[in-house]
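Please read the structure below before turning to the comments.
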Amino acid sequence: MKLINPSSNAALQVRIDQQQGIPLRAEFRCAAGELLAVVGPSGGGKTTLLRMIAGLSTPQSGEIRCGEQIWYNEQQCLTPQQRHLGYVPQHFGLFPHLNAEANVMAALDHLPKAERRAQARDWLRRVNLDGFPERLPHQLSGGQKQRVALARALARNPQVLLLDEPFSAVDRGTRERLYVELAQLKAKLNIPVIMVTHDINEAVLLADRVVLISQGAMLQQGEPLAVMAKPHNELVARHMGLRNIFDARVVALESNEQLAWLQFGEQRIACENPGHLQLGMQLRWVIPNQGVRFNSISQGRLPRSFNKLQVTIESMLVMGDLVRIATSVAGVEHPLQAEVSLNLAQKLGFHEGMQTEVALKSDMIHLFRHRA
Amino acid sequence: MDWLSLWLSVKLAAVSVAILLPITLWLGRSLAYHQFYGKSWLEALIMVPLVLPPTVVGYYLLVGLGRESWIGALLEQYFDAQLVFHFSGLVIASIVINIPFAVQPIQRAFEAIPEEIRDAAACCGMSRWRILWRLELPLAWPGILTAIVLSFSHVLGEFGVVLMMGGAIEGETKTLSIAIYDSVQAFDFDGAGAMSLLLVLFAMVTLAITSAMSRRMLRRSA
Amino acid sequence: AQPNIAAAANIKFAMQKIVANYQKDTGNKVRVSYGSSGNFVSQLSHGAPFELFLSADEKYVTLLAQAGLTADSGVIYAYGKLALVAPNNSSLTLDPQLDGVKQLLDKQQLKRFAIANPEHAPYGERARELLKSKGLWQPLQDSLVFGENVSQAAQFALSGSTDGGIVALSLAVAPQFQQRGHYLAIPESEYSPIAQRMVLMKQASAEAKQFYQYLQSDRARAVFSDFGFGLPDKP
Amino acid sequence: MDWLSLWLSVKLAAVSVAILLPITLWLGRSLAYHQFYGKSWLEALIMVPLVLPPTVVGYYLLVGLGRESWIGALLEQYFDAQLVFHFSGLVIASIVINIPFAVQPIQRAFEAIPEEIRDAAACCGMSRWRILWRLELPLAWPGILTAIVLSFSHVLGEFGVVLMMGGAIEGETKTLSIAIYDSVQAFDFDGAGAMSLLLVLFAMVTLAITSAMSRRMLRRSA
Amino acid sequence: MKLINPSSNAALQVRIDQQQGIPLRAEFRCAAGELLAVVGPSGGGKTTLLRMIAGLSTPQSGEIRCGEQIWYNEQQCLTPQQRHLGYVPQHFGLFPHLNAEANVMAALDHLPKAERRAQARDWLRRVNLDGFPERLPHQLSGGQKQRVALARALARNPQVLLLDEPFSAVDRGTRERLYVELAQLKAKLNIPVIMVTHDINEAVLLADRVVLISQGAMLQQGEPLAVMAKPHNELVARHMGLRNIFDARVVALESNEQLAWLQFGEQRIACENPGHLQLGMQLRWVIPNQGVRFNSISQGRLPRSFNKLQVTIESMLVMGDLVRIATSVAGVEHPLQAEVSLNLAQKLGFHEGMQTEVALKSDMIHLFRHRA
């Protein structure tokens, strides 16, 4: 008795408003074939959101719909079964008494019995787990468990796919393979995919759009790079991994060129004038990592859109082929940070205590409207 | 040696447990999953057959199921059947008496199944029935087994109720416990000893096999 | 101290009356435990703290005496008699020769008939003896239900689920019994009445001995008689 | 109404459970954590008191603890004490009879504690005793509670054993079950009914409070 | 009754040899104040290794010692309690009936009762969990649970710290804070710290040394960057996240300059001659990401140590401020991959299908001795 005919290619629309218990407010849409990454600090409400979409808990009010089908509103609420989705819970939720293969087969009830085993094995192969169909969950390593859960969620041809940090326990090699697999699947199945992740890079790499949730509130949504470039507020900026956030004061406005000058420590920098600035205004600004440059500046051939800044290198941290550099700017409390390639750092002869210049791209300087 | 009584006791235990199990599974599972007002009282009520002396339960069953009661009268009138002094009556009595033994461990076992697993199953699209069969029952199995073992053994050893409403009819209601008691009363201590030993041996073999089998089953799957 | 006394369950009604009288008459109290005579024999042989034992039958006392646990061989305090009983809803007609039972059997309307277990209960043994002598033992085989003791047989007989039974007269005369059924005393010529014997244990105290004497007094004998027991000859 | 007997029954149940609990905790926990050859047989052996009719158990206890037995003789000689026909004897009997009811749920409860948690505790440097007190007992609590409830109720309702080895002495061994049985035997159905009701009410109140309290406790902590 | 007096500053020495069950062979040393990262593919045996060090399972043979104290050998085996260590299991192992604070207090038995609560709260604060001392584990989010486990492990002043993917569920911001906290602790406590991680960057950032375990075998150990630069074999290279691994044939040897020429597809490249090369030899080689460069090469001012290579850009994937570029080399099956900054990619006008040149630094080309 199937209550619904899984109508593929339907977008998922979510509006949730909950004040009691675990507070959560969010509203977004995820089209078929789109991957939406939910990011945000630990305890923000990401898992709670996914559980509500899955039908495992009921929001106080709001609406969840998939295409024309209403999954939840004040009047009705479909069961998880009726929603026909694939869900990889954060802690995997494997059936402890069933082996890996049987765990996957449990999601294949819609197939004739004879095909289930073959299908299950196929899915295990695709998550790189050929060798272990007979293993019980407690005999699997953390990453292996996670992949079984992934295979189980994918196996049932879901209408919507929900992934709660699906790669957190998986090693890098397998993870990259699974990225590809996921991207292909998303396109092939043409369904909405919602993925919780802590890894901003993962979000940027895989997601079409990103939703940022913190302390039960949806702070921003949009394309990953757009959110990074224009975070609504400081909190968002921090959660997106931006570290260069500073105070400044507006000291000049060039109305014709739509440029504004900011007093930054003992120096001045130019930025684009978003229109609402007033002289003497105290504000916070942020610059993404790619807006900060060391190279080519010694030549003095900087275009107008670059601000030159005198800095002192405070510390250098080598991370693989990148060097993370923290610099101090005169009169500014917090360090200005940047990453440069190891090559460049060597070429420019960087060392701690060295005085140098950095360039801040003025069109990448983003001013916050509100203080966080 | 009273083989007929042994056979009767075993039959009674088997039949009673077979009927008891679905009832207590339903009851124990409901109590485990649902919270409602007065649940503590219901749980206490279920314990009542355990608190009353079996002889008293037996007496009230004798009265409640006898020809004078409406159940007894109905049965007699339409089916010409009688519950008291019959095997069927003993089955009913054993069930009533053993509900507490069976419900408690089953309830605990269902309570111990992590919510996470049931959630995952719902998201896998498994129907309630499949969740019950494929997940809940296997995971609750140790508790269910305890329920089976406790009630099976208890029926084998049940005495008071059978005494009160059985009538010690050979092949019908004279179970091994009654036979042993009769021997003791007749100062036939050797006979009583031999029958007790038989009962103990039979029970031990059955129970040992059950527990070994279920351990093997669990080891294979957990 | 109140002496502990063990008494067969079938004399409970009479005993309660006698104990009450005894207390009224002498101001002394006794503590009576009721139970099956067989049990008491087991318990007494393992040190039960009873000083006086009123058995339902002679044989139990003999057993104890042979084991050397008693002060003497005791005395018969009453004779148990049988009664044919039927619950109110039964179609069994009561008559001394048990013809009613025969008729009902012939009509195949007799379904259940209760007696005490003849293997160990004295009243059951006598009931079997009686039924055998009437030629009813074989025909009744499929209908008999056995009470563990005669009280239980009486309960079966009264439960309404049997058509009748043979129990102790002393039970059948009890008012609680008569509310639910009727009875007919079976003439003593049809069976040998049960000699109920009591005995003092070795360690019996003076109080127990006093009560032992009282049980043989006329006042006590009258009570036994009222409750349907036969009386032994006065010594 | 036989208040003395009710009090005796309650006292017997409380004392028996108090002694039974440490024994069965140790036994159930050992069975849960250790694998050894013949474990199935030991488990079956523990069930034996459940399989034998209580009257038979009572009879053998009478023989085994009575004056004729070496235990009984010893006690009598050195302490001038007697077990049979005494409250202490009933306590021993109740313990023996209830071991199976208590061990099974306790064993299952300990078995259900995840190894991961005990591992983590060992790595936290918690001693065995602290692990037992702070982790195992609280986590096994539902099973332990089942054991308590089952055996407490069962002692309240125990009849056969007490009948055989008690002697129905007022204030010492005449428990409420015996009193009820006596009333039934004496056709005093009203008295028996009233006492049964009292027993049931007492047990229900006790059990309902226990189960509500333990639910509150669990809710606060799980 | 404390059996041992926790002697700090002792190095941990581990030698494990197990064939049956879960096979595992490893031998390494971790000095006090050193952080050793254990990396490797999922199911490799990392958790198994940590459990053996913790005393939760016993290897078939080998020896584990901490300073002078023998934790395990064929004759004796200390209990986990006696080893006095801190362990964060992969799945946290929190006590489900105790709240966060009580979970941490459980590890503080050595302190007087009065101090425990304050200490526990302090540790919760340090892992950024001030708000939730009363919450039970099931009321915590994944990352919060993990941080409670971390606090619990740290709280008892362990002699050795074992961390099984301790940051897998923690968000980026908190993670960076915990990195700092961990680095400070390591120095302050001066104990060996062993951390399992899937994140090579994390290993590079935090670890003094790295041990690579795959399929129960220890493949390599050493400084993170050294392992990356000179992986023993292809497997190691892949596990370290190196993707540019290719076939080649030795076509010329310049003995004086210790240079070798390799035929790579239709082109030739130079590399350092490790000495064992023979003409015509077929071999595999790898180049780390920082050995591949796009910038400055259009000027033709390449030093001798750079190989010029004609490539075609096949695909470009933007990841934050980096672009991941896959290029094809004529005659070579697998793509050559590189990451460049978004700036540079824009400056050089990269687009798919474009022909360009890359430079391979010849001293960074690493030849494998054995085929994997």
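Order of writing sets the chain letters: A, B, C, D and E. Residues in each chain are counted from 1.
Here, a residue touches a chain if its C-beta (ideal position, glycine included) is under 8 Å from a C-beta of that chain, and two chains touch if they have at least 3 such contacts.
In UniProt terms the chains read A, E = ABC transporter; B, D = Molybdenum transport system permease.
What you are looking at is a predicted structure, and each value in this text was computed from that prediction instead of being measured.
Q: Touching both subunit B and subunit C, which chains are there?
A: D
Q: From subunit A (ABC transporter), how many touching-chain steps at minimum until you land on subunit D?
A: Contact-graph shortest path, subunit A (ABC transporter) to subunit D, evaluates to 2.
Q: Compute the distance, rounded to whole Å, between the mean C-alpha positions of subunit C and subunit D.
A: From the centre of subunit C to the centre of subunit D is 36 Å.
Q: Mind checking the centre-to-centre distance between subunit A (ABC transporter) and subunit B? Centres are C-alpha means, answer in whole Å.
A: 57
Q: Which integer distance in Å separates the CA centroid of subunit C from that of subunit E (ABC transporter)?
A: Centre-to-centre distance between subunit C and subunit E (ABC transporter): 91 Å.
Q: When the C-alpha atoms of subunit B and subunit E (ABC transporter) are each averaged to a single point, how far apart are the two points in Å?
A: Taking the mean C-alpha position of each chain, the two centres sit 58 Å apart.
Q: Give me the residue numbers in subunit A (ABC transporter) that touch at least two other chains, ranges are fine.
A: 91
Q: What positions in subunit D touch 2 or more of the other chains?
A: 59, 184 - these are the residues of subunit D that touch more than one other chain.
Q: Among the residues of subunit C, pick out those that touch two or more other chains and give their numbers.
A: 39, 42, 152, 155 - these are the residues of subunit C that touch more than one other chain.
Q: By the touch definition up top, name every chain pair that qualifies.
A: Final set of chain pairs in contact is A-B, A-E, B-C, B-D, C-D, D-E.
Q: Give the list of subunit D residues in touch with subunit B in this complex.
A: Interface residues on subunit D, with respect to subunit B: 39-41, 43-45, 47-48, 50-56, 59-60, 100-101, 104-105, 108-109, 111-112, 142-143, 146, 149-150, 153-154, 156-160, 177-178, 180-181, 184, 192, 196, 199-200, 203-209, 211-212, 215.
Q: Write out the stretch or stretches of subunit D touching subunit C in their complex.
A: 59, 62-63, 66-68, 72, 76, 82, 84-85, 163-165, 167-170, 174, 182, 184-189
Q: Sort out for me which residues of subunit E (ABC transporter) touch subunit A (ABC transporter) in the complex.
A: Checking each residue of subunit E (ABC transporter) against subunit A (ABC transporter) gives 39-44, 46-47, 90-91, 140-144, 147, 164-165, 168-175, 198-201, 204-205, 225, 228, 238-239, 241, 288-290, 293, 317-321, 341-343.
Q: Mind listing the subunit B positions that touch subunit A (ABC transporter) in their complex?
A: 116-117, 119-127, 130, 134-135, 138-139, 221-222
Q: Where on subunit C does subunit D make contact in their complex?
A: Touching subunit D: residues 4, 6, 9, 12-13, 31, 33-35, 39, 42-43, 45-50, 151-152, 154-155, 158, 171, 174, 176-177 of subunit C.
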